[in-house]
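Take a look at these structures.
You will see chain A twice below: alongside chain B first, and alongside chain C after that.
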Partner chain A sequence: MNASTTTPRSPAAPALRILRQRAVQAAAVVVLVSTACFAIVQSLPGDIAFRIAAGRYGYDQVTAASADTVRAELGLDRPAWQQLLDWLGELLALDLGTSLVTGTSVAGELGLYLSSSLQLAAAALALALAGGATVGALAGARPGGILDRITTLWVSAARALPPFLLGLVLILFFSVHLGVLPAAGHGEAGNIVLPAATLAVGLSGLFARVTRDTVVQIRRSEYVRFAATKGLGERLVFLRHVLRNTGVTLLSYVGVQLLILIEGVVVVESLFAWPGLGHSLVHAIFWRDIPMIQATALALALLVVALNTVVDLGALALDPRPRRREVVL
Partner chain B sequence: MSMRLTHLAVRHTDTPLVEVSDLHFEPGRPVTIVGESGSGKSLLAHAIMGTLAAELTASGNLTMDGQSYDLADRANRRRLWGRAMSLLPQEPGLALDPTMRAREQVAEGAGSFTTDRRAARRSAGTLLASLGLGQASAAFPHALSGGMAQRVAFAAATIGDAPVLIADEPSKGLDQQARAELAKLLKRHVDAGGSLLTITHDLDLARELAGDVLVMKDAHIVERGPARRVLTEPAHPYTRRLLAAEPANWTRPCAHAGAPADAGEPLISGEGLAKAFAGQQLFSDLSLTIRAGERVSLSGPSGSGKTTLGNVLLRLLPPDTGYVHHAEALHGGRLQKLYQDPAVAFPSRILLRDSFGDVIRRHRLEPGRLGKLMASLRLAPDLLHRMPGQVSGGELQRLAIIRSMLLEPALVFADEPTSRLDLITQQETLSCLMDQADRQQCALVLVTHDDALADAVTRRRIPLGPAENAIDRVKTAG
Partner chain C sequence: MTPVAARTLLAVLALFALAGPLVWPEHAVQDLSRFLEPPSLAEPLGRDPLGRSVVARLAHATQLSLLMAVLCVATALLVGTLAGIVAAWRGGWVDTVLHGLSEAFIALPALLVVLIFSALANGDLWTLYIGLALAQWVEYFRMVRSRSGLVLAGPAVEAAWMLKLGPAHVLRRHLWPELRPLLATMATFGIGSSILALSTLGFVGVGIRPPTPELGLMLTEAFPYYHEAPWMSLAPVLVLTTILIGLLSLRRKEVRP
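And now, the complex of A and B:
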């Protein structure tokens, strides 16, 4: 009786709407993040030129004269608004500038950092999903069972440990005590295990919890019961009805948690000396390398937008129901 | 195949909810159990299937095809599901997986699904086409009307060729036309040699199915016999009361009360209204006035646009053309709407007491009025200490009536307020609504697909014609 109807349109329309909305959002993020970063760097204590000179020549070599050279060369004595407009203008021309410290192209370095950050984030997410969703689904199959109670304990423990502490614990145990995994570095296959695991542990607890609650709720739903009385075996009911509908909820939840993942990347990369965006952001802040700060912060922000777009499109593919009611019949 | 039940009982701790000593099903002869909500009739169906809630215990014996099953063991009939016995669920809208296309949900019920999916899909397509759902087979459930969803569910429940079909309140919320379609399908199953057990509070459906009728009250069967006799010459007083609760038999004098059509001040006036959806004109050039104290009904089949017209009149939706004027008297919350499903009109995790407290504080009402209204609608005061999900549908709808009456409305707009309630509860609820409307001299607009109900309650009826192909239209939602 009550249902929504609209004029017919192609199935691609909702996807296009998502892309359009996210593109506008990305543009807004670029302007806001750039301006905010610039303002924050300007308000940091200490003379920027001195810090950059220290980055270039080492602390011992920094003199008032070398700082002045840096200031003149980089135009740091211009009014702040001019420097900001310059950066935004160059950004429009897709020019990220050169590092104030190393003098190399920011875009080139950024590409490397981005790809290694993505590697780390993808590995962490895959680990967290594989572990969390599996444990959650098993716990949800027997609510109140032994696995369910262990999961609750795991969720609380994983949430109570901040990533930097967990990372240190893992290093102490696996690298120092057992000596089976490297504590830091990049380039060898084993390097990614500890940082990815550190990120994954916190996330997996949340994923397990959400999966468990969703599975319990969906197993009680009318359509799961109907599927059973239609004659489907327990395994088919789970595979065909419980799994996909759990996926809809879990995917949206992953979208919300991506922010925590990106945040975690910054901390964990610094801890494990993983040469990604987070690591380079911390260094760029330390040396007041303004173009580098801007570019990495921007890349992290756009990464959040891009991942959310992927999540939205995935949810659209899994769940065909309209997102908003346009009319009531 | 014939089926026999002996000494069937369902209990919750020590309270008996169903006690039936002997029930017999013959192929080709439908059995219909009627009764009000809470009489235990749905539990009986679930006890047979083995799908009772975990906190309930069943006992008794089921004999089917020479094989005997102990009803206390809920697992022993699982292998019969879909093959020997099948359940047509109530609320097909909830029983279909929202993320799966109709044909796929039907195909998985076929016996060949685990061995040959293609064949299963083909036969699902054929079955759906034979039910007039050819173009709906690729649709997702949200795009199906209530009647279409019911037919998809019917296809899914019967594709496995189970000879015993149990239908649990299959006509809930369906209009006359969709119900007639459903009755035809159920009869088709019987004519093909199947056994049918239908649980319903819809006496019209029981009449259409014919066969045997069992009347259930407070866990027991109080009368049984051929439908023709039971539903025309009832022997038990309760059956007589059930029949009297059908809107066509209402005799309350206040049923036709309310102010005459042209006496009061105009409250809502609509001028030249038109609205179309998906290229379909629901109504056009419609002008109407609703006056103070009046009783008007908007009636018509599902999809005819009566809820939409109501929402346009309430100014919840803009009309395509024309305008709607509301009189001063309706401002400040004095225009109230009652919804079809009261469960979604109350916040589900907030105590009713708090929900009502908010209304009283917001509108600075005198708190004592709530108690008086509760008493006059025969509701116990301690209901307020429960969550909305812990009171029955009829009680919750009466609470919704109280919530709107607290504001002394000049007009109450009731959108199918009783279409999910059983006959006796429907009569109680509507007489409460009409009593209050009389007492407060407020106008009442009733949206309903039940013409008999519209005639019983209101003086003036605004019929909305069936929109073309409204019943079989697949909604293209976005």
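And now, the complex of A and C:
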């Protein structure tokens, strides 16, 4: 054990530590994703100097000489690692470039995608937490009861159904057979229901399970029994002791599930044509729109880091006991 | 479902994946006059809009999915475990570098890694293979690193060193028994998620290219004909859910409070 954990620290210290760790992680993610995008550019077939020269002077004007001029001017003849440094430098200057397909600034489009992705993720997470945690808490109140057994079944079913299959099933049922909800689209109130529900069902099973197990465990703990012994009513024990301690576990579990949520966002957006980050990433890959691939992939990855930071800080606020070693997932 | 039933289910599916392509070898032969033929004895799943045998395509797709998944998980497991042991064993800068790399990977959703990697080449099998393996090695690395760290610092290993039993002994007698059950559980889940990722990519349209049969791709192709031929959409769904339920039920019933 090192000295810093034993000496008393100011209350802000753990929060700062979390922020520092996450910042390092974010930087690593940016370098990794950006380098991968650079590798994609390098691996594209054809000489990029000819391509750019064709763009500048027109396809019939391209000669080896003009391509050489472009190559010298843009430094395309330098070794790859120097170009990579340049590439990262541009990113550092927050220059995301322009889309190769639409010709508009990537940064502008990114904002739109980000907000609609966040909308979807937030709606799904809220639905999953409300549904999953409630059912889990109720099931945990009576282990072995009917509701508990139904929950177990539901958890397995939700795990065996991947988001894209679930989405298809929901489309078939609600849009094709019943015709009550739109299968795709954006902008109307009903549009978000099916994609959010698809994401939420997958997550809620896991939330229900964690909540149930935690509630069962906490109800058996000594402090809950003591609270009951000292005469607190069942409701108060539940609200004051069980709920808050469940919240700590559930919150850190939400952090682990964020990866699944973001992955689900990519799939569900493509399925329901929801104009978010995942949808545009898939399209950008389809069209080899590299600035767009880089921007959307970075946004998704940084979103994971940012949300994880929020979860870490939230867990710290709920349970301020010092930890010897924070698990970073 | 009991583990025995799950094993039987998976064995049947593996048999279908291995023997199916031999029984129905012609998955690419088109016969447009047999457009959307309904199921019959000779063609248990009928024919698709291009007159191809659906059962042959399903068998080939299942084989491809299972083989790819096993290969990806084996690679990820090998690389992740080796890197994890090396990091825990050597410590120092090796550990710092590997751990830093894993920090970056753990923040990337697996699907994102595979998507970026598949952009390198147009749905070539090898890019999907590397992408999937790359997305998964981190889990093994992190688990092995933290477990090995505990084992290697423990009194048993210390005693082994003092008895001069050598690294091979420590690896075989101390590390491996500790890691094996966990690795087995992780690998079963890994196979499931690899199959899922593969079919998801195919479904979204950035995975394996047509005309190669693939479960997710078959689903996309069959869905527009859902009204005329629902069995065409349901067959890949059935295969996928069977694999997943089988793999999920494989592990022993955990003790629940």
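The working rule: the second predicted complex is superposed on the first by the 269 of 329 C-alpha atoms of A that agree within 3 Å, B and C clash if a C-alpha of one lies under 4 Å from a C-alpha of the other, contacts with A are read in each partner's own complex, and residues count from 1 in each chain.
The working rule: a residue touches a chain if its C-beta (ideal position, glycine included) is under 8 Å from a C-beta of that chain, and two chains touch if they have at least 3 such contacts.
Because the structure is a prediction, the values reported are computed rather than measured.
Asker: Scan A:Thr229 for contacts with chain B and chain C and give back first, second, both or neither.
Answerer: first
Asker: Of the two partner chains, chain B (first) and chain C (second), which one does A:Leu239 touch, if any: first, second, both, or neither?
Answerer: neither
Asker: Applying the touch criterion given at the start, work out whether A:Ala13 contacts chain B, chain C, both or neither, answering first, second, both or neither.
Answerer: Touch partner of A:Ala13: chain B, not chain C.
Asker: After lining up the shared chain so the two structures overlap, which partner does A:Ile293 touch, if you call chain B first and chain C second: first, second, both or neither?
Answerer: second
Asker: Is A:Ala126 touching anything from chain B or chain C once the two structures are fitted on A? First, second, both or neither.
Answerer: A:Ala126 sits against neither chain B nor chain C.
Asker: Which partner, chain B or chain C, touches the larger number of chain A residues?
Answerer: Between chain B and chain C, C touches the greater number of residues in chain A.
Asker: On the A-aligned overlay, A:Val256 touches which partner chain: chain B = first, chain C = second, or both, or neither?
Answerer: A:Val256: touches no partner chain.
Asker: Could you list which residues of chain A make contact with chain B in one structure and with chain C in the other?
Answerer: Of chain A, residues 328-329 contact chain B in one complex and chain C in the other.
Asker: If you look only at chain B, which of its residues touch chain A in the complex?
Answerer: 49, 51, 78, 81-83, 86-87, 89, 91, 94-100, 108-109, 111, 113-114, 140, 142-143, 145-146, 153, 156-157, 160, 162, 173, 175, 277-279, 282, 302-303, 305, 307-308, 311, 316-317, 340, 416, 449, 475-478
Asker: Write out the stretch or stretches of chain A touching chain B in their complex.
Answerer: The contact residues of chain A facing chain B are 1-9, 13-14, 221-223, 225-233, 236, 240-241, 244-245, 248, 318-322, 326-329.
Asker: Mind listing the chain C positions that touch chain A in their complex?
Answerer: Listed in rising order, the residues of chain C that touch chain A are 100-101, 103-112, 115-121, 196, 199-200, 203-206, 216, 219, 223, 226, 233, 237, 240-241, 244-245, 248, 256-257.
Asker: Looking at the complex, which residues from chain A come into contact with chain C?
Answerer: The contact residues of chain A facing chain C are 24-26, 28-29, 31-33, 36-37, 39-40, 43, 143, 156, 159-165, 168, 172, 176, 213, 216-217, 220, 259-260, 262-263, 266-267, 270-271, 281-282, 285-286, 288, 293, 297, 300-301, 304-305, 308, 328-329.
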